[in-house]
Every structure is written in C-alpha cells, then in structure tokens.
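I've put the structures underneath this note.
What follows is a pair of complexes built around subunit A, which joins subunit B in one and subunit C in the other.
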Partner chain A sequence: MSRTRLEGTTDLPVLMPAADRLAARAQAERHLGGPALRLSLLHGCALALLIAVWAGAVWAQDTVAGEVRPGVFAALWQWLPVLLGGFVFNVGISIMAMGIGTVTGTALGILQVSKIRPLRSSSWLVTQFFRNAPWLVLLFYCMFLMPFEFTVLGVTIPFPDWVKAVIGLALPVMANVSEIVRGAIQSIPSGQWEAARSLAFSRRQILFEIILPQCVKRMLPPWMNLYAILTMATVLASVVGVSEVMTLTQRALAAESRTDLLVPFYGFVMLLFFVYCYPIARYTQKLELRYAVK
Partner chain B sequence: MPSNSETRATDTACIPDQPIVAIRDVQKSFGDIEVLKGISLDVMKGDVICIIGASGSGKSTLLRCINALVPIDKGSIKVEGLEVNDPKLDELALRKKVGMVFQQFNLFPHRTALQNIMMAPVQVLKQDREKVRERAYRLLKKVRLEEKAEAYPGELSGGQQQRVAIARSLAMNPDVMLFDEVTSALDPETVGEVLTTIRELAQEGMTCMLVTHEMGFAREIADHMYFTDKGVIVEHGPPTEFFSSPRDERTRAFLSQIL
Partner chain C sequence: MLEISEWFRVLAETSGINLTIVYDAYDRERMVRGFFNTILLSGICLVLSIVIGVVGAWLQGSSLKWTRRIVSGYIQLFRNTPPLVQMYFFFFALGALMPRMQNEWGIMEPILSNWHWAIISLSFFAGAFNVEIFRSGIEAVPKATVEAAKSLGYTRLQAYRHVVLPLALRVCLPALNNNLVNLVKTTTLAYAIAVPEMLYVANQIWSDSLNVPEMMTFLLFAYVGLLALLVWVMNRWERSLRLPGFGS
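Up next is the complex of A and B:
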C-alpha cells in the first residue's frame, strides 16, 4: 500500500532504488505495530570505541603491574561467568520488579481517576508517598520490615532477600507507573469521553474500550524510560546483600585483592549496563518521535 | 382501557401531538456564569429545528443538556416522556434514544471507520456482531464512504470523519439527532458533503436539532428556527418569516452581521 503511495507521489527515478527497501521497512513496522530498532554502523563504531577505551585502561593497568601475576584480561576471563551470571540476575530482578510495578501501578493509576472520592484520594496518597521516597530507603524498609519466611497453614514459605529486593524496587516503579497511567488518561481529549457517553457507553466501558487503548502508545516511551532507570537501579540491591553483579564484583575483587583490577572490573560492569540500556533508550527516543507527530 | 394506556406507556413517540423533546424553563450555570436562563421549546417527531445565535449564547450547552452530558440546574427536559432532570434518571436509556454529532467529530482514533460504527451497538446494545456489521456497511454506504470502511480516522478528511461520526450515531437507531456545529471545524470544500448527508436524513423523517452557523442551510432545511442570545430564546418561527422579517432588534442585528 505504501508502495503505491510512494509511486504515486514521488516517481523520481532517483528514489526508486530506495522505494522498495523503504516500503518493505514500512510494511514490517506496520506488522510490528511500531518502529523497529535499527542499530546502525555508527552505533557499532561508538560501541567498539567504548570497548577500546576500556580495554586501553585495562592494558594500562596490565603494564603497570609486574609480570609475575596473570594479566588483567586473564583475571577478568576467569571471573566472567560469575559476573555475567550476576548481571543476568540483575536483569531478572528488573523484569520482575517492572512486572509487579506495572500491574499494581496501572491499577493504582486507574483508581486515581476514579469517580469515588475516597478511592481517588487514597490512591493519590499512596502514589505520592512512594514516588517521593528514595529508592534505597524503600529497599531498606522492605529488607528489614519483611520476615525471612512466612508460615501459612503450617507450610513455611521462605522469603529470600532477592524477593524482598524485587518488592522494594517494585514499589517506586508502581508509583511512577501510576502517574504515567493517570497522566495518559487525562491527556486524552475530553471529546472522546463526550462522544462515548453520548453513545451510551458506561464509564467502565469507556475507560477500558476507548480511553486506555489510546493511552498505550502515549505510555510506552515513559514506561520504557522507567525500565531503563530501574535496571540501573538494581545495583542498589547490592547494598542490602543480594548477590547481583555489584556484590559479585566486590567479592571477586576481594578474592583477588589486587588494586589494578578495580578500574577494569567496574568498567566491565558499566559496559554491561550500557550495552543493555542504551538500545532501550534509543528505541524510546524513536517511539517518542514517532508518536509525537500524531 | 388498560390496553390503550399500555401502548401509550411503551410507545409515547407515536402519539401525534406530543413533543418528542419538551424543554421547559431550563436553567444552567457554570459557577457564576448563567448560561441558560429559562429556555423552553418543543420538538415534534420528524421536525428539524435549527438554533442559531452568537458564540457563548448557550446553544451547545442546551444540546448537551438534552442527553444529560451536562446536568441542568432547574426546569425540565423530557425526551419521549423520560425526564432528564431526575436524580434517578437512567442516563444510558436516555442516550440510546438521542444521537449526537460533535464539532470535532470525536471518532475513536484507534478503531477503523467500520469499528467506530460497530462498537456501540455491539458493546452497549449487545446486538449480534454480524448483523451489526451488515448494518454498519449499509450506514457507510448511506454516507457514501463504503470504500473507507477499513480506514482509520487519521486517514480521513474532516468531512469524511464527520460523515462516519453521523453513521456512528445512527447505528444506535436514535429517535432524535443532535448536531452541534458539525461543519464549523471543516474545510469549506468538505462542508457540502456533510450537509447533504444531514439533508437526506431530515428528508427521511429523522427528528433533528441543529446548532449551526450555516444560515443558508438552516433556511432550507429547518421547520422551525430559534435564535438565542445570552441564555434566552429571543425569537423563533418558521424560517421564511424568521429570515425575511425578524421582529426582535437582536435577531436583526445578528442576521445583518452574518448574512
């Protein structure tokens, strides 16, 4: 369809070679329902440069150190499975916290526009409380206020630290999602409500069939932004003793007890997060641009 | 006579000399601003009435009061015997009887033209999806947009969107249609197609209440004209009389400005 449009409006022969490619891309994006993430050569170069800088730092450390000990790369290679495993754990925590935070936050956000006043004001209060509390403090609260196990009907359910960390991180996410949802609902023009009401839709139907589906597009960019922030915040869990990538790095460094490993190891952790979060940020930007035009 | 009263109760619209919409001394304020200061008018079945007046004279508010989008402070509005100014009013039952078309179209942008028309009958009236689809296609044909069934509102011109909006309202089989300045937001070249659709509707006997600035159209289509100023009806009458020999000074001033 876009092919015909392209041919119809710009039949400049110069554009023709690109037309097929552009049409195919547009088709794929329509199929996906959003712009596809394209990391260009430029991004590859930038990433290579970053790794080169980091490797340079590693190499510098290596040459300063004597020849007796194994090289920094060798040490890193040895610890790589542990560190990567830790990072996967971070990603796991972030996904679970985001899941819980999104579900509860969406409910809270919808309650914030409820017609029932007590519901509206109490959900507003909860949202504001968790939105304006430092993440680390919330994490500490969850760590020390929750028991390490629950006993329900004689069955003891263990409650490990990482579960508490997930909950602790889900709380601020919930509050932020709540605000994103409320903002998106209120950004839908009032004409949509009027038209739906005039067609005898009930309030619930209007919200779930007409308003919220339109909100999804508006909520996606800030939601992904929040996810990137959350992922980076998962290292806070190291402060409360969860064995994620920061904790493991510290342990590795303690085991090696070599100061020349400090910069390369922490640099490696930074690199891991960058490689994971940067595409998300890029994609968010792209979505924002796409939906802003509308 | 019990059977007679029963038919009356179920089908009040069929009583010939009973207005389908009866508005009595309606008052409405937004804060300190009195928008409607005692408006009364009757609309009979099959009538087309046009309300004109300067902006801010309360015309749009009046229309919104009829389907309870805006609650009124005092007075009474009866739509087929259903009292709108009643705290126990079944708003949904009222809105099933009254269709409304807006200045800004207000189509649902995430649904296609066809889905826009189908949504309310399927979800509100719980009608069979396939039957609704058939009727939706017929309505699209009626507004001459059958080839745009799968188009999203963003892909349609203003005039096309407004015609889909009319079809969407008609899909609920309303007894009265309210048109709130439906051509004011349109490009001049698409005004005609929307007016044609409304004209056809009026000729089929649909009861219509229009708030409009299209004087030529009002003159041609209306059975009865109303001129409102500062929340009251200043003058009303059949269009020929109304336009050729307006009695009130304010009507004369307004018409001379516009015509």
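Up next is the complex of A and C:
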C-alpha cells in the first residue's frame, strides 16, 4: 500500500484547507496506528433530530392526555439508572462471552487446518453444528440443561443464570470465530508455508510465528462485526430470564403500567444499542476498507 | 408406523427417553404444526426480505439525495439494534397504538396479530442486510454493461430488471445465502411474542410432558437439519445459476 505524503504547503492555494485537514488526520492516524473513529457532525445532527422529533411527539401526547402525572421524560429519567445498569450488564455479558468464544474458537479454528484427519473433521463438524443452530435454541439448551450449582469436593459452587447465558452465547461465537480463523489462515498464500518450510521452520513455528500474526489483521474486521452481533444477541438472555436491560425495561413498564410509555421505553433500549453498535460498525467498515486486498 | 410409535413408547418406559412427539398423537400434531409454522414464517419473511432488498438497493442507486439517505438510515437502524428489541418495539409499542377491530367472535382484537408483527419485524431486519448485499452485487456489475443497456434504449427500471439484477444476483448469492440462513435462525425470536413456531411448541410440550432434554436435543437437530437442507438447496441453486466468467 503506497501512502502519499501529505504536506501542508502547496502551490495551489485552493487545495490548502483540505490538504491541511488531511495532513492533520494522517498525522493523528499515524500516531494512533489505525484509522481514527470519526462521528461527523451530520451523525450528531441526525441523532439530535431523532430525539427532537420523538420529544415533540411525546410532548403532544402528554398534553392531549391532560392528566396530572409525570411526563414521559420524567418517567424515563426516573428509570434511567436501572436501565443503564441493565445495559452495562449486557455489555459485560457480551465481553465475557466474546472472550470465552474467541479463545475456544481460535483453538477450534486451528484444529480445522490440522494435518490429523479425525481432528480436522471433528472440529469441522462441531463448528458447522454450532454455526447452524439458532442462538436462542443454544441459549435454552444451556439454560435448562446445566445445573444451577456444582459440588466439587464438598464445596458448592453456585452457577447463576447469567453464567449459563454467557456460556450459551459463547458457543455460537466459538463456532463463528473458528470459521473466521480458518478463513484467515487459508487466505494466506501457500507460498509462505513453503518458503517457511524451506527455511526449516517446524509446522507449529510456521503457524504461530508466521501465519497467525498475519491473520490478526485480516480477522479483526469480521471479529468486530461478530462482537456487534453478539452484543445485540445478549438481549436474548431476557427470554430465558436473566435480568438484563430488556427484562428491566419490561419490569419498569409493568410497574408504571402506562401505555404512553411503551414507545419511548422500547425506543430508548433501541437507541442504547444503536449508540453502542453503530460506532463499532462504522469502525469495522473503515478497517475493512483499509485492509482490503486489491 | 404403529410399531414405530409403540417402540418409542416402550423406549420411554424402559429407558426414560421420553419422545412424546413420536407416540403421542396430540403432541405429534402440535409439533408438526410448529414445524410447518417455522417453515411458513421463514418462507414469507424470506420472500419479503428479498423484495425489500431489491427495492431498497434500487432506491439506493437513485439520484435523489434524500431517498438514498432515508434508505441508508433504515439500514443502519435495523443493522445496529437487536432484532429482539425491534420485535418488542413493533409488537408491544407500535402494536399498542394500532386501532382495534372486532373479530368473528365479537372480541376486540388488534388489526395486526403477533404473526403479522413477527413477519414485519423479521422481514425488515433481514431486508436491511439484503439491501447492502444487493447493493454490493449491483456495484460489481460492470458500468459498461449498464451503459450498453442504456444505449439500447432501456429505461433505468428496465435496465435494472433485465440486465443489472440477473448479474448482481449471481454475484451476491453467497452473501445472500448466509443472510437467509441467518433469517431462518432468527425466526426463533418469534417465540418471544408467542408465535406458535417450533421453539414455542417445543416449550409447550416440555412444560406438559417434562421431557426438557429430549425436546431440546430434538429441537437442536431439527433446526440444524432444516438449515442444512436450506444450505444444500441454495448451493445447488448457486451452482445452476453460475455464469462462465462471473465470480471466481
């Protein structure tokens, strides 16, 4: 990839402002070591507009109702700590599931390119099985078929439902990471394997010291994409009774029992996820463009 | 048939593997209906999401700035929020605002049932991905081909229908397959708003017959089997549509 050097000085004064900005941006990116995340003013405006329209609608509804009761915003404000706490829990679940899924999935993906045939085919089977099973069904599976506590050597280890949810979500993540790793390993030109072999590297050395370090770059965009999908899937845990943001929203709505709160509360949950996942999606796109092999 | 069901009844009595869906006529009928509901739900959403994808991709190529912006806003919104929250938003929030009307037994009922909302939300969810997929396919069609079609007097719509789309379809078929498989998996979410699809029915059965592990395992294998079938059909289709010189 050739990187043109951008200077702040040019003979054409018309180009200067953009060139300045580009140079500053390139400098910042060099400093960061990657493309910087940029949410432009336009995105902010769009979000602000969305909220304004929504607020307007809510305001209109409230005045029509004509009763004395806390406004929609007051109600939302009142429940905000609960909902945000729930959302943080969601994020926590997603990070833990991603961690477990990445570690096991990488191992499974490496096994998928193993020289030993039974190992290769069985890891392929496991990957395909968990990739093709619906997330919700896997979650149900873990939820209902795992004990709520383990007794090891007389010590009782509790196994709360959120741990089971983490495992249930980690299984499909594992299968997807496995495919990502396999795809990345196979996308490295086979000439590199041969070159490394001719330099007397062992298979293990080739894999861990030559192939995998190159794979990291290629795996990053799909891995981040998967993380966004996983974050959105954490809501599924509400179906099996983990008290994350969706469960808490429904409880809050049940406690308030007001129909005019339905749209704002569910909309707020959507907004939370959007605000968390959209930057990830944008950044993934940027990385994909940057690492695209032409 | 009778022997098989008897065998499963004996199996339940002797080993405790209680597959009521084989020997119990009531459970069997429920499960079959659930299975076909899943297929029906997937089929309808599949078709609608593809329609949304095709139309959306066409609108995204429009020369009007705001049309493009609205379509990409729709894509970003539906791609970056959880499908379950979308479904809840549609069913509980928007569904509560819908007018009600009398059904044939004289009971007031919302115009759109949980079935309708499941179809709407799943189609919009999968459609958002399909727009992106079709757009990437359309971008892969050489510009010269479109220009040639234009110079032969095709209008924009005609060129899109007869020239661009058939080529784009072949380019984006692998990605489309992935998304459609994902859609079939996502139909399990309809469980959350009580659409009687396979997961919901399985849940009812294991609540009645207390055979959670058996039903779970059956469910897992049923879905994997269903999806394997879909993947196989789509791969066959992909191969039969292949044009020499397009794709790898």
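As a convention for this text, the second predicted complex is superposed on the first by the 256 of 294 C-alpha atoms of A that agree within 3 Å, B and C clash if a C-alpha of one lies under 4 Å from a C-alpha of the other, contacts with A are read in each partner's own complex, and residues count from 1 in each chain.
By our rule, a contact is a pair of C-beta atoms (placed from the backbone, for glycine too) under 8 Å apart; a residue touches a chain by one contact, two chains touch by 3 or more.
Just so it is clear, the model here is predicted, and its values are computed rather than measured.
> Report clash or fit for the pair subunit B and subunit C bound to subunit A in the combined superposed model.
Overlaying the two structures gives subunit B and subunit C room side by side.
> Just subunit B (first), just subunit C (second), both, or neither: which does A:141 touch?
second
> Among the partners subunit B and subunit C, which is in contact with a greater number of residues of subunit A?
C
> After lining up the shared chain so the two structures overlap, which partner does A:205 touch, if you call subunit B first and subunit C second: first, second, both or neither?
first
> In the superposed arrangement, which partner chain does A:187 touch: subunit B (first), subunit C (second), both, or neither?
A:187 sits against neither subunit B nor subunit C.
> On the chain A superposition, what angle, as a multiple of 10 degrees, is formed at subunit A by the C-alpha centres of subunit B and subunit C?
100
> Does subunit B (first) or subunit C (second) touch A:195, or do both, or does neither?
first
> State whether A:213 touches subunit B only (first), subunit C only (second), both chains, or neither.
In the superposition, A:213 touches subunit B alone.
> Is A:233 in contact with subunit B, with subunit C, with both, or with neither (first, second, both, neither)?
Only subunit C; A:233 stays clear of subunit B.
> Kindly classify A:262 by the partners it touches after superposition: subunit B alone (first), subunit C alone (second), both, or neither?
A:262: touches subunit C, not subunit B.
> Nearest approach of subunit B to subunit C by C-alpha atoms in the superposition, in Å, rounded to an integer.
So the smallest C-alpha to C-alpha spacing between these two chains is 22 Å.
> For a test of understanding, state which residues of subunit B touch subunit A in their complex under the given definition.
The contact residues of subunit B facing subunit A are 64, 67, 69, 91-93, 95-96, 98-100, 102, 104, 106-110, 119-120, 123-124, 154, 165, 168-169, 172.
> If you look only at subunit C, which of its residues touch subunit A in the complex?
These residues of subunit C touch subunit A: 73, 76-77, 79-86, 88-89, 92-94, 96-97, 181, 185-189, 191-192, 199, 212-213, 216, 219-220, 223-224, 227-228, 231.
> Over in the complex, which subunit A residues touch subunit C? Could you list them?
Of all residues in subunit A, those touching subunit C are 46, 129, 132-138, 140-141, 144-145, 228, 231-236, 238-239, 246, 259, 262-263, 265-267, 269-270, 273-274, 277-278, 281.
> Touching residues of subunit A toward subunit B in the complex: what are they?
Interface residues on the subunit A side: 189, 191-192, 194-202, 205, 209-210, 213-214, 294.
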